[in-house]
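Below, chain A partners chain B and then partners chain C, in two separate complexes.
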Partner chain A sequence: MRVDLDAVASFSRTGDEGGQRAADSLETLTGIPANCQLTRTALVDADGLSVFLGDSWERISVEFDGALTGRAVLSFDEAFANHVEDELGVGAAALPEVANILTSGFVDVWAADDEDTIEIEPPDRLEDEHRVVQDAAVIDDCAFVFESQIVLSSTQGTCRFAVLPDVESFGSYVTEPDAEFALSDLANHIQVASVSAEAVSSHLEMMTGTDATLVESHVDFVPVERVPSLLDDAAYEGAIFESEGVVDSVIAILFDETEPGAVAELLLGDADAGAEMAESAVSELGNITASGFIDQWANALDTTIDISTPSHVRDAGRAVLDTVAAAYGERADTIAVVNATITLGPDVTCRVCTFPSPEDADQLADIADNLAADASEES
Partner chain B sequence: MAKQVLLVDDSEFMRNLLREILEEEFEIADEAENGVEAVEMYKEYDPDLVMMDIVMPIRDGIEATSEIKEFDAGAHIIMCTSIGQEEKMKKAVKAGADGYITKPFQKPSVMDAISDVLTA
Partner chain C sequence: MTIRVGVADWRVTDDDDAVLVTSGLGSCVAIAVRDARSGAGGLLHAMLPEADGPVDTPAKYVDSGLDEMVSALLRLGASPSSLTAKLAGGSTMLDLSIGDSVGSRNVSAAERALADADIELLASETGGDSGRSVSFSPSSGDVTIDRVDAEVHVI
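== the complex of A and B ==
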């Protein structure tokens, strides 16, 4: 029995409305224009949950129970926290109130959607980082997270508003009635992310001779118009590919460099190798890393997946993903994205975003099942 | 006299890398950026060995391998590609590839593959 991916899309869509409602509530409270930039439903390796939620100045948890049960974890960065505290004039007491308001705004949409009620508990400061993971509802090492990123128009800061639904509550939303193992099917998708990320990491290390560290990997289900928000406005250099076969995909292998040319220098060992050679090196690095994980997808089904020649890109992250959103915009409401973040030495971060065609969701699920079975055998 | 190698890859970076690995022991006959150029250059140079990428614009490495093998059944061709899919390797072998190395590679694995092919 398969997970109903339309239901996951619907979950993301309702969450998107909830995120915007939360932003509106914050705007009413502070008087500062607030906007919900990114919303996504993510499958995250439970051990990597804390990293997925990012560094924060302060985290606050708010539990809720009713039509949707679980808890919200709000991660405020310093700029956001300081701005809100200054604006509300109540110092550190401001953040729990903001957490309360944001969560209330979010759950109101869910309650209205289900024509039911949701009760929320008082906010609780999360001083022990381990609690983020310990308190998460997890199935097969996979945590389900709904995340919105709320920004204020007058500051660079962000509040990451993550909802960790109770497994049963989330399962009843996205699975068909009597589908006992369907949530495990969805959880298996985390294997696609982790196997791909490990392949990318090892290929990057072999190609560059530099230590590669896998920071985190996850799968997002994102409303298509939110796809560009998966990356920031930093300048990325890398390559875009299309794959064709049992699963068609668009693959973006992108490098965020502290110094322009850092990736090419790792490969060429010569900062003056020329722009054309540098582009060729970066494209080929992307080609090899993309092939490395697409091979694993193909081998999982004993088939082949062809990869196009690379298209070199150098642009702001959002601009790169705009093209992908445009390509899928007419074909899907919500799309899956397989993500990995890998650091390469101190100066380079590699972001891998793979967008399997929505029409190939069943084949992707088959790959996930086979990779999960392989992982289970190995352990 | 050093044996001649034809390098075929659409990536200038990868051709450079292969040239650096091979030029101590082999003579680089020429470099082709796609399958069409590869076939033309093979006919022109008659090299002892071809290092052939698979995914290339205009004509891919599997088609070019078939064509070279039709022209010269004794040609030695090593597929040198980032694709490690088992089914794809079978296709390459069917097209006539004598060896297969997967990127990223290091010098010893390249030299081993060449040795296997040239001494077979």
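== the complex of A and C ==
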């Protein structure tokens, strides 16, 4: 029995409304315009959950129970926390109050369509990072996370508002009736992310001779208009490919340089190498890297997937993803994105975002099933 | 105050000091509309040309997003006869086999929607192959366009 991807999309869409409602509630509380800039339903390797949630100045947990059961984990950065504390003028009490307001706003949307209500518990500061993982709902090492990123006007700060629904509660939204193993099928998609990320990491290391560190990998199900927010506005140098075969997809391999010329230095040993040479080297590296993991997808179904010639880009990360999202936007409201983040030495981070065609969701699920079966045999 | 506008989003203001900003415009378009007399202005960041009937997220589309934003401007006291607009975005950054010419279709849809609403288009900076970030000051009417590796441009 298949996972109902339309139901995942519905979950993601309802969550998107919840994230916006949470932002509106915060705006009412603080008087500062607030935006919900990213919402996504993510499948995250449980061991990497803490990394996925990002570095945090302070985390607060709010449990809730009823029509939707689980907990919210709110991660505040310092700029956001300071701004809110200044505006509300209540010192350290501000963040628990914000956590309460955001969670209430979010769950209101979920309770609206259900006869059951949702009760929320008092906010609880998370002192122990391990509790994030211990409390998460996990199937086959895959955690389900619904995340909204809330920003306030006139500050660079962000609040990452992650909802970790309990397995049963989440499953009731995304599985078809009587589907005994459907949630496991969804969890299998994490294998697509982890296998791809490991392939990318090893190919990058081999091609550059630089130590590659896999930071995290996950799968997002995200409304198309939220896709650009998966990256920031920093300049990325990279290559965009299309794959064609059993699963069509768009693959973005993007390098974020902390220092200008770092990618050219890495690939060519010369930070001042001409733009043309750097462009060619990035495209070549992208091609080999993309082929490396797409071959694994193809092998899982004993078939082949072809890769197009690359489009080179050097542009703001969000503008690149905006273009991909708009291209898919006329065909689907919600799409899956397979993500990997790899660091290459101290100065270069590689982000790989793969967008399987929404029409090929069943084939992607078949790949996930086979990769999960392979992983199970190996362990 | 800086007011952020997300993707498939619009914001309006009548605050003299406000600047509306949106980033990550690839094939999307930003439409800035203002009434110089009332000081009200709004910025729309739309992703696709036209809605096919009623939709959950009107701001995702140029036509329904502009309708919604203009209604909000009128509620702020703007006069329909004195609205003017500026337009940016709609690039073709990638050569993809999907989403045929979304950027240029977005620009055409914006020009059409503004003409249908009888809003004069004062200036535009569209097309090309690079992304844009846009800031709009409703009080001055300036739309400032920022690109990676390029000079800031004001229309």
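Quick note on the criterion: the second predicted complex is superposed on the first by the 377 of 379 C-alpha atoms of A that agree within 3 Å, B and C clash if a C-alpha of one lies under 4 Å from a C-alpha of the other, contacts with A are read in each partner's own complex, and residues count from 1 in each chain.
We take it that a contact is a pair of C-beta atoms (placed from the backbone, for glycine too) under 8 Å apart; a residue touches a chain by one contact, two chains touch by 3 or more.
This structure is a prediction, so every number in the text was calculated from the model and none was measured.
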Superposition on chain A - do chain B and chain C clash or fit: fit
Partner chain in contact with A:292 - chain B first, chain C second, else both or neither: first
Contacts of A:280 with chain B and chain C, given as first, second, both or neither: first
Contacts of A:329 with chain B and chain C, given as first, second, both or neither: second
Partner chain in contact with A:233 - chain B first, chain C second, else both or neither: second
First, second, both or neither for A:206, with chain B first and chain C second: first
Partner chain(s) touched by A:107 [first = chain B, second = chain C, both, neither]: neither
Partner with the higher number of touched chain A residues, chain C or chain B: C
First (chain B), second (chain C), both or neither touched by A:303: first
Touching partner for A:267 - first (chain B), second (chain C), both, neither: first
Smallest separation in angstrom, by C-alpha atoms, between chain B and chain C in the superposition: 13
Shared chain A contacts, counted only where both chain B and chain C touch the same residue: 308
In the complex with chain C, residue positions of chain A that touch it: 13, 33, 35-37, 151, 153-154, 223-226, 228-229, 233, 235, 240, 242, 250, 308, 311, 313-331, 357
Interfacial residue positions of chain A with respect to chain B in the complex: 203, 206-207, 267-268, 276-277, 280-281, 283-284, 287-288, 290-292, 294-295, 298-299, 302-309
Complex interface listing, chain C residues touching chain A: 1-9, 11, 23-28, 47-48, 56-57, 60, 91, 93-99, 102-103, 106, 130-133, 148-149
Chain B residues touching chain A - in the complex, by the definition given at the top: 10-14, 16, 55-57, 81-88, 91, 103-104, 106
